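So that you can tell them apart, the chains are marked A, B, C, D and E in the order they are listed, and the count of residues begins at 1 in each.
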Amino acid sequence: MLKPMSVVREAIAGDEADDAMAERVAAGRAREQVKAGPKVLPIVEGGVLVAALLAPLVLQDYLTVFATRVIILALFALSFDLVWGYAGIMSFGQALFFGSAGYGVALLARDLDITNIFLVLPAGTLIGLTFALLLGGFLLLGRHPSSVIFVSLGTLTGSYAADRLARGWYYLGGQNGIPSIAPMSLGGYEFSEGPAFYYLVLGILVVIYLLCRFLVRSQFGLSLAGLRENEQRIAFFGYKAQHLKAIIFAIGGAIAGLAGSLYAFHEGFVWPNMVGVVVSTQVVLYVLFGGSGTLIGAVIGTVIVEGVSFWLSDNYRDVWPIILGLLLLLVILFRPLGLISFVLGERERVGSFGEKPKEKRNAAS
Amino acid sequence: MANAFVAAFEILSFGAIIVLIVLGLGIIASMMGIFNFAQGEFVLLGAYITYLAYAKGLPIWAGMAAAPFVVGALGFVLEALIIRRFYAAPIVAMLGTYALGLIIRESVRGLIGGFYLTVPEPIGGSIDIGAMHISAWRFTIIVITLLVMGGCYLLLSRTSFGLRVRATLENPSLARASGISTPLIYGATFAFGAALAGLAGALIVPVFSLFADLGLRFLIQGFVAVMVGGVGSFIGPVAGAGVIGTLSAALPWVMAPVVADVLVFVLAIVFIKFRPQGLIAGKGV
Amino acid sequence: MPLLEAAGIKKVFGKLTALDGAALTVGENEFHGLIGPNGSGKSTLMKCIAGAEVPTQGKVSFVNTDITAFTPTERARAGMSLKFQITSVLPSLTLYDNILLALQAQCSLFDLVLSRTRRRLHDQVMTMLRQFRLADRAFDAAAALSHGQQQWLEIAMALAGKPKLLLLDEPTGGMSLEERRVTGELLQPIKQHCSLVIVEHDLDFIRDICDRLTVLDQGKVLASGTVSEIQANKSVQEIYLRRA
Amino acid sequence: PAPWANAAEAPIKVGIATDLTGPIAYAGNADANVAKMVIKEINAAGGLLGRPLELYIEDTASNESVAVGNVRKLIQRDKVDMVLGGITSSMRNAIKDPIVARGKTLYIYPQLYEGKECTPYLFCTGPTPAQQCDEFIPWLIKNGGKKFALPSANYVWPHTLNVYARKVIEANGGEVVFEEYYPLDQVDFSATVNRIISNKVDVVFNTVIPPGVGPFFKQLYEAGFLKNGGRLACVYYDENTLNINQAAEIEGLASCLDYFKVLTKENPFDAKIQAAYEKDFPGNFLFAAGSAATGTYRGLKLWEAAVKEAGKIDRESVAAALDHAKIAEGPGGPAEMMPGKRHCKMKMYTAVAKGGNYEIVARSSGLVDPKEC
Amino acid sequence: MPEFLDIKHLDAGYGRSQVLFDVSLGIPWRGGVAVLGRNGAGKTTLMKTIVGELPAWKGEVAFDGRDISRRATQERVRAGIGYVPQEHSVFARLSVRDNLAVGSLARKDSSAVDRVLTIFPKLGQRLDQPAGTLSGGERKMLAIGRAMLGDPKLLLLDEPTEGVWIGVIEEITERLIELAKTIAVIIVEQHLDLALRVADYAYVLDRGRVALQGEAGEVRGNPELMRYLAP
């Protein structure tokens, strides 16, 4: 059994024998003490929200459009963080749900002329949910608990196969995908790219974020944490561990589906990459970059990775993939818990479900 | 009859190529518990070094001989600088090596200008048996693959190196407490896996020509092969690679290639689902 | 009618027969000791009862139901609880969360999502932690406990679900005499609502708390009976003199 | 910049969106280079309508999602007057909507492709299936044989091209023995090669693309296909792709394109642009037809002609003029837009690989009709 | 003459929490030393710091006259320190045979393995089984056997008899007493009797500090002892 969180921590604490260790330990102590103050997470969340609300006011048009895309991707990243950061299910094929929902709504728009927001968004969500239930059911349920590596390669393969299928299937436009999707509509109003679309997706992101936050802070979230730590162990408490996994995987799929349908309408086209390995890996990068298991880390990671690649491709045209790779590597090396760990202490990141009493140290002997 | 023979040879030779590519991947995955996403780029580097030798007018076999050593040395350095920090966190390792692979791949792409470049084989042409033509180089690859496999097997089963490696992976702090120098072992294993990839790249570049995505092409296939074979042993991934390689070469003989392509993966995943320990449950070498 | 009845349990690992027709019967509110030399199959028997291993042969019934085919989850829901020999707490969660996790295991999904039992369980968590002298560590990660402290946490977690049957595999490993005594004291009160199967090597401890004993040797039941019966048993005395 | 310091009006902005990174970066970079060359040339000759041209280049990175973002930069931030670019069909599909429909800008697509792109304001300047097959296939039947095999990569271009090719083959008395599609990155072709050999195919009309095409041709060669007199044909093969295989492995391969470098020997204008390109960009990115470099040149020149005629730079006027624009000289010869069709007529050449170089073996008598829209 | 293992003013801990405070102990060239203390007193931490699994924050660990506090674990082990950890003391996925082979990597002859198998015959019947599937007691035997194979000059045993059957405990005790005649043995043990039979000298830790120390008999008789061992 591999346990993502604990394991990451061991990675940091590991190799204790080397010379620099003592200094590192001491430095770590000093840092921790500084940090023991009020909770940082809500401050970070609030800051991000305010920035997001103000963005269209200060950004140029095309950047607002870009920001809309980033927010949709952040929603997608959220779905992955829920599944990996909280339940420890490594979904290396999250794009499968994102993309299939995208294709689904694209077909609705193309073949049935359905673009009403109240139809297409639920439809996309449902498609994501269904696919996640099917794939999750196959990979996660069964007599043996499945290993993290199996699940990750299973989902990766699923998404790889879907990509292949989309490329080969004519009805879906093959390699070329489905271009020129009609804009999403509400009555007579059409959501074209711009501030309106931006605030729409921002609103959706905030709502979903709050729901996720509620979910992971609930006792259900504690069960997920147990799941992530040691699935077999909590089965002996009487948890239906596999059901929990399937449920959270399906919720993740549904959110990814929602994001995918927004993305399809915003970009105006869908193409096979959207269900494939590239996008699947990308979302994993967002979350690890920002810091998994915090929700806000997923959002921050998306914004930074997308923003930086946007900037790099503008300024270092020939070598930007290399620079991006280097940057990722550096963060993964020196901040294996993601950028969020700069401001967030260990305990707050892993979370604690009991209220911490003030007079902690002098209870009982 | 002749046809069946050629078919068998062709299928086998592709199987051998996949085995060769997966060997290093499998050793790193089984022995170190890391699914190395940069493995494809080690293959690419092996190919690139061979190409360099050719482009500089050196004999091609010299490039091929140098490739495993250069890539192995690079592997050793990378292990010490980067990979070392990942052992306890396999998923972070996947991402870290992914980033590493991206860097290597894009650098090589820059170096070769994004082209598809040919490298001739040191032993060219075909072996003719009656009306049948068999590629001499593919035949050579089969032979070398068998030799390398045998060599690895002996190294891991007959020397204490294998034991040290497995002990280190299993429980590094206990291994240190048993007097094993774990950093050295990690470095050596990773370098060895990288060297095998370099060799694979050198040998296959005449067959597939050199391009930046050469290694990436085989990566997912390689992972699936390792899983099908079973992590934790040397034989497992090799067997898995043999199966996946021959299957993906053989299926297009009997069905539409596009279907065959997806089918291989679906079959593999279903297989792993119902036999999670793989073809060969991970014990021994 | 006994609470637990395991009969004719056979467990084969490859060439090795770890259990060969072992049986165990535990009545309501009975404290039952399971003893025997190393490798005699005690842990394996416990695992077969709790569902961690599937017996090759034999039948387990619990509260008059045949549970042989039940999954661990179903057994836990039927009222069984196990502490493994090798401690397996959830390392990066706090002690508080470890216990809460055990306590809320059988709440409905609905309750969990709405956190409807959180308030009610809080007091129980704190009580358990205080009982096991871990209250001052409540918000430390379980990984930061010493081995002996982890043993206590595990016992607390096993007790938390208010099981009908508690299976403890070497709960006092790594505890000093004094600590064992305290553990014994902590276990006593549960007798009112719970039966206990306990594997131990410390005979004094077993003697103090158990009503009945079963002795395993090489996968078979050597003897079963009250503590004094067992102490008088010739073949039991014999294995105590035998090496390994 | 300096000579324009006191120009009366702001520069005209030309946007190029192409694959500067990723698997087909060699083509994208060549296209960007061509654009730089042409723009420099036009500016040196006094600009357009008395205004300088300003070039904006964005990377599409062979990644549609990156591409859309970058194209939006061109449209919304830089407010270019025209976008030229996209190499693969999927890229065209991805960016055409942001350019044409949402961005209300003119779009020129420079690559040879499968045809059927009839979007208003979208002009295609590369060869179409009709241009590549109509004269080429009869030549193949005469110089290869009647039995064709159509091994193909599984995507839109081969599918659509094959439909057309099959029609032409059958109309000329040939026969298609099999038509088969492979995943784009398939690299083992033993089953296919076997089918080709055992069916005694005369002409392999190939649309397998890199990376598969190298191993495919090699396996065919090793199986004795060329030795037995077989003919390879591949309509995207240009000077770049020659390097994928050893010369012997593709000896006699026939291709049909709007330009080959050997034309510089007979065609002074081709010699001039080729020399100009190589002087400015001596690197590895070749001025070749298969990577849309010629289509880019042609596209920019046609657009220049249209702007000149329109005398204005707004989309409607330029599109109206571009509809029938002509250039007397371009790579491989003159080119003319077909009015109302948004595709252009051009000369086509058939060349055969001999010892690692092309030789022209046939050429169209006049400008070939794209037969689209 | 300096002590064989000389620990002076040692501070150590995990991450930011300090566990050991100013611990000093001396271990002679041969003979047994017991380390006692209640759960969480810091015994295991002390052991880990001696083998180098944990870095010393402060203070000095001198072995055989040389400061080893900056050396890597494997070097300390090669210099002659053997260690039986309290938990995770075997290579779970390796067979029993391979576990023993790891123990004897440094030596040439294989007779030592046979000697271990005569001490623990049970292991002889389990040679090809992955060590992770051994029973609790068998595991301990394997761990002790493996550490003995390395021919240490100083053997650290962290609760070697936890979960071991009484008959075997007796066997182990005898072996340890015998060993302590030639090498130094540090034993952490909850069986007070056993510990003090093996050890000539004892340290009692309390909350990471040395609370009591002295000749085995002396410590045993000390009325304070029970207070330090009670929870």
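Here is the rule we go by: a contact is a pair of C-beta atoms (placed from the backbone, for glycine too) under 8 Å apart; a residue touches a chain by one contact, two chains touch by 3 or more.
For reference, the UniProt names are A = Branched-chain amino acid ABC transporter permease; B = ABC transporter permease; C, E = ABC transporter ATP-binding protein.
What you see is a predicted model, and the numbers here were worked out from it, not measured in a lab.
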Chain hops separating subunit C from subunit A, counting only touching neighbours: 1
Shared chain contacts [subunit A and subunit D, defined touch]: B
Farthest-lying chain, centroid of Cα atoms versus that of subunit C: D
Chain whose mean Cα position lies farthest from subunit A: E
Rounded Å distance, subunit B centre to subunit C centre (Cα mean): 48
Whole-Å separation of chain centres (CA-atom averages), subunit C against subunit D: 75
Subunit C and subunit E: spacing of chain centres that average the CA atoms, whole Å: 29
Residues of subunit C whose C-beta touches two or more other chains: 133
Per-residue multi-chain contacts in subunit B, two or more chains: 106, 176, 258, 261
Shared-contact residues (touching 2 or more other chains) in subunit A: 17, 164, 168, 318, 321
For the subunit E and subunit C complex, residues of the former touching the latter: 14, 17, 38-41, 44, 86-87, 120-122, 126, 129, 133-138, 141, 159, 162-168, 170-171, 190, 192, 226, 229-231
Contact set on subunit C toward subunit E in their complex: 13-14, 16, 36-39, 42-44, 85-87, 133, 144-149, 151-152, 170, 173-179, 182, 201, 203, 239-244
Subunit B to subunit E touching residues, read off their complex: 160, 163-164, 166-167, 170-171, 173-182, 232, 282-283
Residue ranges of subunit C touching subunit A (in the complex, touch as defined): 50-52, 71-73, 76-77, 81-82, 88, 90-94, 96-97, 100-102, 104-107, 109, 111-115, 117-118, 122, 125, 129-130, 133, 135-136, 138-139, 141, 143, 157, 161
Subunit B residues touching subunit A - in the complex, by the definition given at the top: 35, 82, 84-92, 94-96, 98-100, 102-103, 106-107, 110, 172, 176, 220, 223-224, 227, 231, 258, 261-262, 265-266, 268-269, 272-273, 276
